[in-house]
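To keep things simple, chains are lettered A, B, C and D as they appear, and every chain counts its residues starting from 1.
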Amino acid sequence: MLGELLNPYYLQVLCFILINIMLALSIYVPLSSGQLSLGSAGFMGIGAYTSALLTIHYELPLYVTILVGALLAGVIGIIVGIPSLRLTGVYLAIATLGFGEVIRVLFVNWESLTKGSVGLTGIPQLGRELLKFAKSIGIEPSALGLKNNQFVYLSLVIVLLIIVLFILWFVIRQQNSRIGRAYSSIQMDEKAAESMGINITYYKVLAFAQGAFIAGLAGALFAHTIGYISPSDFSYHRAVEILIFTVFGGSEVIIGSVFGATILTLLPEVLRFVSDYRYIFYGIMLVILMAVRPQGILDLYLFYRLKGKRIKRGTS
Amino acid sequence: MVLEVKNITKRFGGITALKNISFTIQQGEIYGLIGPNGAGKTTMFNCITNIVEPTEGEIFFNGEKITKLKPYKITEKGICRTYQNIRLFPQMTALQNVMVGGHSRISAGVFRSVIRTKSQKQEEKLLKEKSEELLELVGLGQLKDQFAENLAYGQQRRLEIARALASNPTLLLLDEPAAGMNETETDNLFDLIKKIQSMGITVLIIEHDMSLVMRLCDRITVLNFGEKLAEGTPDEIQNNEAVIEAYLGKEEEETIA
Amino acid sequence: MQKYQKLFLIILATFMLILLTACGSSSTSTNSGGQSETSIEDETSGEVIQAKIGVISYLSGAGAAYGEAITQGLKLAQKEINEKGEVNIELVIEDSAGEAEQAVNAGQKLMADDSILAIIGPTLSTEFFAVAPEADLNGITIMGTSTTADGIPEIGDYVFRNSIPEALAIPAAMEKAVKRTGAKKVAIIYGNDDAFTKAGFEVMKRTAEEMGLEITTIETYQKGQSDYKAQLTKIKNTNPDLVLASALYNEGAVIIDQARKMGITVPFVGGNGFNSPQVIEIAGDAANGLIVGTPYFGDSTDPKIVEFNKKYEEEYGKKPDQFAAQAYDALYIYADALKRAGTGEDRDAFRDALAETKDFEGILGLFSFNEVGDVVMDVTVVEIKDGKFVEFEE
Amino acid sequence: MLIEQLINGITLGSIYAIVALGFTLVFGVLGIINMAHGEIFMVGAFIGVLTTSVLGWPLWLAFLASIVVTSLLGYLLEIFSLRPLRGKKGVSHLAPLISTIGVSIFLENLSHHMFGAGNKPFRTAFAEIRFEIGSITIYLVQITIFVISVILMVGLSVWLSKTKAGKALRATAENLETASILGVDTKKIITLTVIIASGMGGIAGILVGMAFNSVSPQMGLSMGLKGLAIIILGGMGNVKGAMVGGLILGLSETLLVAYGDSGYRDAIAFIMIILILLIRPQGIFGSKTAEGR
C-alpha cells in the first residue's frame, strides 16, 4: 500500500504542484501590494539558468546554487522594480510581460552560455543528489524500506514541501504584520496609504523583489527537478499560466494561490482522457469563472467566514 | 506655532489654484479653512501633506521646513489627514484600518515581523490596544471586525478620523468631516473634535457646515478663488464685509440660523 | 440566500473536481489493437510473447499533428504485428502536450507501471531531453522516433532512436546539392528558438565549413512569424548559390514561397523536418528546387513503401508522412527485439536485444544501431521537381 | 537594399497598425486589454483561406465574409466575456484580462481542431500582381495594405470626430456614467466598439494571409503581443498613435534584421515599450492623464 502511494508518478506530479504553488505565490506577493507583475516566467528563468549553469560549470553544491539563483532573481527584481514604480495596472502587467519575453529572447540568443534553444541538459537532479548524500553518510534507502527511485522522489517532495511551507509561513506571518498591512493598504489605496505614513516606494519594490526571489527559487528548483531546461520553458505561456493559478484560486487570499496551483496542475493530468479538447475546455472554464466569480474561487469573505467571523459582502 | 504656511502658490497648467497664501496655526488651536467650492481648500491640504507640490512658497511644521518632504515623511513628523471623499481601505476591517494608521509609530521590518521577536509582539500588542481605544473614542468599538466598506457613511467618516489619530499626529487635518451627516451625528462630531483638541492635538478643518465651523473654530481663514479673503476669529469673519459679500452673503440665512 | 447557494455550488464543483482527480488517475488510453481475443488464446498456448509498450506523444496543442501521425503509424504497425501472432503488443498512449513537464509526468506514470516493458517517444527533442535521463536511470528502454537533436542517444545505455539525426541527413543533401550546382557561396536561415531547427543549423554550419563553402550570411526567424521578407531581402543581396534552410516544413514552405516571390531562384537545401508533402501544398510551384535529405521517400516506387502507403491510406484516409513511417518502423524494430529477447517482461533483456539490432529491414531501409544507440542507415536525398518529390539526380 | 527593406518594413508596420487599431479602440472605450484580439485576427485570416482557396470565392467576397465573421466573434466576445463583468462589484482589472485570455485559448485550440495545426496556403491571383522598378519588386498587395491601413486610420479618426455615433463613442470613452446620463446608449456603443475592433482584426488577418501566404492557429499570439506593444508605444487609446507605433515597430524590426541581429527581432517590441514606459509612460501621442490606471 505504501509502495503504491510512493509511486514516482504521483510524487513527480506532486513536485510540479509544489513548484507551481511557489510560482503562484510569486505573483501573489506583488499583487498583494497592488502590483500585477507578469514577469514571474522571466525571473523563474533567471533562477533556473543561474543555478543550472553554476552546478554544471563549477560543480557547486546545490543549496548554494539554488540560493544564488533565487538571490540573483531577487536583485534583478529590485532593478526592474524601481523603474516599474511609475507604472500601474495593465501598464505594469504589459511591461513585466515584456521583460519576461526579453529575458527569454536573451536565453535563446546568448548561445555561448545557454546553448540557445537546445537548452541545458544534464542538470543534477536534487533528489538524486540527496540519494548520493544519504549514501555517503551511510544511509541506504533499503534500510528505510524504500527503493532507490522512491527515495529520490520522496526526498525531493519532502525538500520541496519544506520550502513551500517555509514560504507560506513567511508570507502569512508577514501578511499579519506591519509589512502586510502596508502591502494591503497600498493595494487598496496608494495615496491614502502614503498619507498614513507608509513609504510606498520601499514597500512596492520590496514586494516586487520578494515575488522575483520566490519565482527565482521556484525556477532553480524546477531546473533541479526536471533536469533539463530550455528557453521555451519560460515563455509567454508560462507567465499566463502562473497568472491563472493565482486568479483562478482567488487573488485576495494566499490560500487561493495554493488552491489554484494545485487544482490547475492536476487538471491536465485528470483531463488526460479528453486530451484533444482539454485546452478548449480550459478556455471556456476561465471565461465562465470570471463571469460567475471574478475574484476567484476563494475570496476574502469566504476566508473570514471560515474563520468564524460574521461578515457580509456589502451591496454599496 | 505648529504650522506656518508662507506665501504658497499652486498652479495647475494655466489655472492658479492657490495664490500667495499665508497663515499660521498655534498649538492646541482648532483652525478653520472655509470658502466656496473651488476656492482651493483641498489643494491647500494637498500642499501641506505634499501630495501635490506647491509651485512657490514654503511650509514649516514646528519650525522645520516640510515643503519638499515625501508625504509619508510628513506623516512621520506628525501631520495626518482625512479625505473629503472618504479613502478608507475598503477590504480591511475597521481595526486593521486604524492599525495601518499606526504604521509610522512602530518599526518592525521584514525580519522582525516574520520571526515575531519579543519587541515586535510587544509593539503590535500596544498598537492593537491603542487602536481599539481609538475606535471606542470615535464610537466604533462594536464594529471593529467589520470591513470598512460595509460601514455606514457616518461611521466611515469617524473611522477615517480614528485612522488618522493612530499616527499620533500633532496636527490633524480634517477635510469636510461633517459632510453627509445629520444633526445628531454632527453634534457627536463636534464633541469628538473637542475631545481631540483636549488631547493636545491641533486641528485644521475644512468644513461647509458654517454653524459647526463657527462653534468649533478658534480662528478661521477664508479662501475665495485661490486667494485669501480674510483671517480671524469666528466673530470677525462673520462680520467681515468682504466675506459676507463673496461667500456668506447668499447663505447667511440658513447657515447662521 | 442566493449568495449562499452560489457559494455552495462552487464548493460542490470544487470537490467534484478533486474527486475526479482521485478517480481519474487511472484513465489511460490503452489500445490492444483489436486482437485481444486471439491473444488470450495464444497466451494460454504459451507461444506468443506479450508486451506492453508505453507511448508518450504530442497529442494536444500546437504540434498535435506530429503526435497524431506518430500514434497512427504505431497503431498500424501494432495491428499488423499482432495479426502475425508471434508477438502481441499492447500500446499505452499518454499525451505530453509538447511540454517537458507533462512529458515527464507521463514518463513517470509509464515507468512506475512495472508491466510496461519499454517506451516510445516523446515527440520533441526538448521533451525527450527531460524524460530520457529518468528512463535511463530507471532501467527502461526509451526510443525516440522523431527526435533528431544532437546528443540524444548519448544520454544513456537505455536510450535509442530510430529517427535519422540531422547530422546524417543534412550533410548528405548538402554534398549532393553542391556537387551538382557547383555552389561556392551559401546563405543560411534557421529558426533559433526551436531545438530541432537550431540543431539542424549547427550541422549546416559545420558541414559548410568542412566543405569549404563561403557562408554569406546567417539569418534567424522565430516561431509565429509570418513575415520573412526582411531576412530574405538580406539573403538575396548577398547572392548565394544555395540557401540552406533549417526549418520545419510549416515555416519552411512559407519561407521558400516568399523567397521565390522576391526573386531568389537558387535551390534550397533543407533538413529532415523540411520533408513533407505539405511543402508542395503550401508553397505550390515555389517549392520547386527544394533539396532534402531524408530516411523516408514517400513517392518511392519501392514496393514496401507503396504497400505501406496503401495500408495507411485505407486506415486513416490520408498519405503517411515520415513521422508516421518512422513510428511504424520503430514498433517493428521493437517487435524484432522482443522476438530475440524471447520475453516481454524483462526490461534489461529487451534492452540488450534491441541494442543488437542489425540490418533490420524496415520501410525506411536497412537499419542498425551503433554502439551508443544511434541510427546507422542510408540517407535518401530527394528534391521537388515540377511540383513532385523525386529522387535527387546528380 | 535599403529601399526594399523600407518597403518590407512599411508593409509589416501597416499590418501591425491595423491590429493595433483594434486594440486601441477597445482600450479607449472600455479601458481593458482585449487579449483575444490576436486570435480574432487569426480567425479572420482563416476565413480568408477558407473562402478563397477552398470555396473559390472572389477576393472582395472573402473580405466581406472575414469581416462579417470576425464582427460576429466580437459580438459574442462582448456578450459572453466582457458584459458579465461590467459594473459588477469586486471586479478588478484582472478579470477582463483573464476572461479574454480564456477566449484566446479557446479560439486558438478550436482552430487547431477545425483547421489543423499547420500553415495553410493563401493563394489568390491578386497576390501575384507586381511591378518591377529597376531591381526592386513591389507587389500590389504591399501597396494595398498600406493604403487600407491609412484609409482605416483616417476613416476612423473622421468617424470618431464627425459622426454622431463617433461622438457618442468618444463621450463613452471619456466617462461611461456621464455619457449615459447625457442619453448615450452606452451598451450599444460598447458593443459597436468591440464589433468594429474585431472587424478590423479580420481585415488585418486577410491582409497578412495575402501578403505572406501563411496562416496558422499560432499566428494570433505573436501578433497580439506586438499589438499590445504598439498601443503602449503610440499611447493607449490613441488612433494616430496606433498607426505611427505600428509603422515604427515594423520598420525597426525590419531594419534590425537588415543591419543587426535577426535573433533579437521578437524582443525589440518589448525593449521599445520598456524604454517608452520609462521615458514617457503615456506613449508618444498619449495625453498626460493616460498615465497609470
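Some points to look at:
Here is the rule we use: a contact is a pair of C-beta atoms (placed from the backbone, for glycine too) under 8 Å apart; a residue touches a chain by one contact, two chains touch by 3 or more.
Just so it is clear, the structure is predicted and the values come from calculations on it, not from any experiment.
With centres computed as the average of Cα coordinates, no chain lies farther from subunit C than B. Which two chains touch most often is answered by the contact tally, and the pair is A-D.
Relative to the centroid of all protein Cα atoms, the closest per-chain Cα centroid is that of A.
One inter-chain figure worth recording: subunit B and subunit D are separated by 49 Å, centre to centre, where each centre is the mean of the chain's CA atoms.
Subunit A and subunit D, compared by their mean Cα positions, are separated by 32 Å.
Taking each chain's centre as the average of its CA atoms, subunit B and subunit C sit 72 Å apart. In subunit D, 109, 221, 261, 263, 266 are the positions where the chain touches two or more neighbouring chains simultaneously. In subunit C, the residues that reach two or more other chains under the touch definition are 60-61, 64, 192-193, 222.
Applying the touch criterion to all chain pairs gives A-B, A-C, A-D, C-D. On the side of subunit D, the complex with subunit C involves touching residues 1, 4-5, 8-9, 11-12, 109, 112, 116-121, 123, 130, 137, 139, 208, 211-219, 221-223, 253-254, 257-258, 261-263, 265-266. Across the interface of their complex, subunit C is touched by residues 7-13, 16, 105, 108-109, 116-119, 121-122, 125, 128, 149, 226-228, 230-233, 263, 266-273, 275-279, 292-293, 297, 302, 313 of subunit A. Across the interface of their complex, subunit A is touched by residues 3, 6-7, 10, 14, 17-18, 20-21, 24-25, 27-29, 59-61, 64, 94-95, 97, 100-102, 104-105, 108-109, 111-112, 125-126, 129-130, 133-134, 137-138, 149-151, 155, 192-195, 198-199, 222 of subunit C. Of all residues in subunit D, those touching subunit A in their complex are 32-33, 80-81, 84-85, 88-99, 101-110, 113, 221, 225, 228-229, 232, 236, 261, 263-264, 266-267, 269-271, 273-274, 277-278, 281, 291-293. Those residues of subunit A whose C-beta lies close enough to touch subunit B in the complex are 170, 173-174, 177-182, 184-185, 188-189, 191-200, 206, 252, 300, 309, 311-314, 316.
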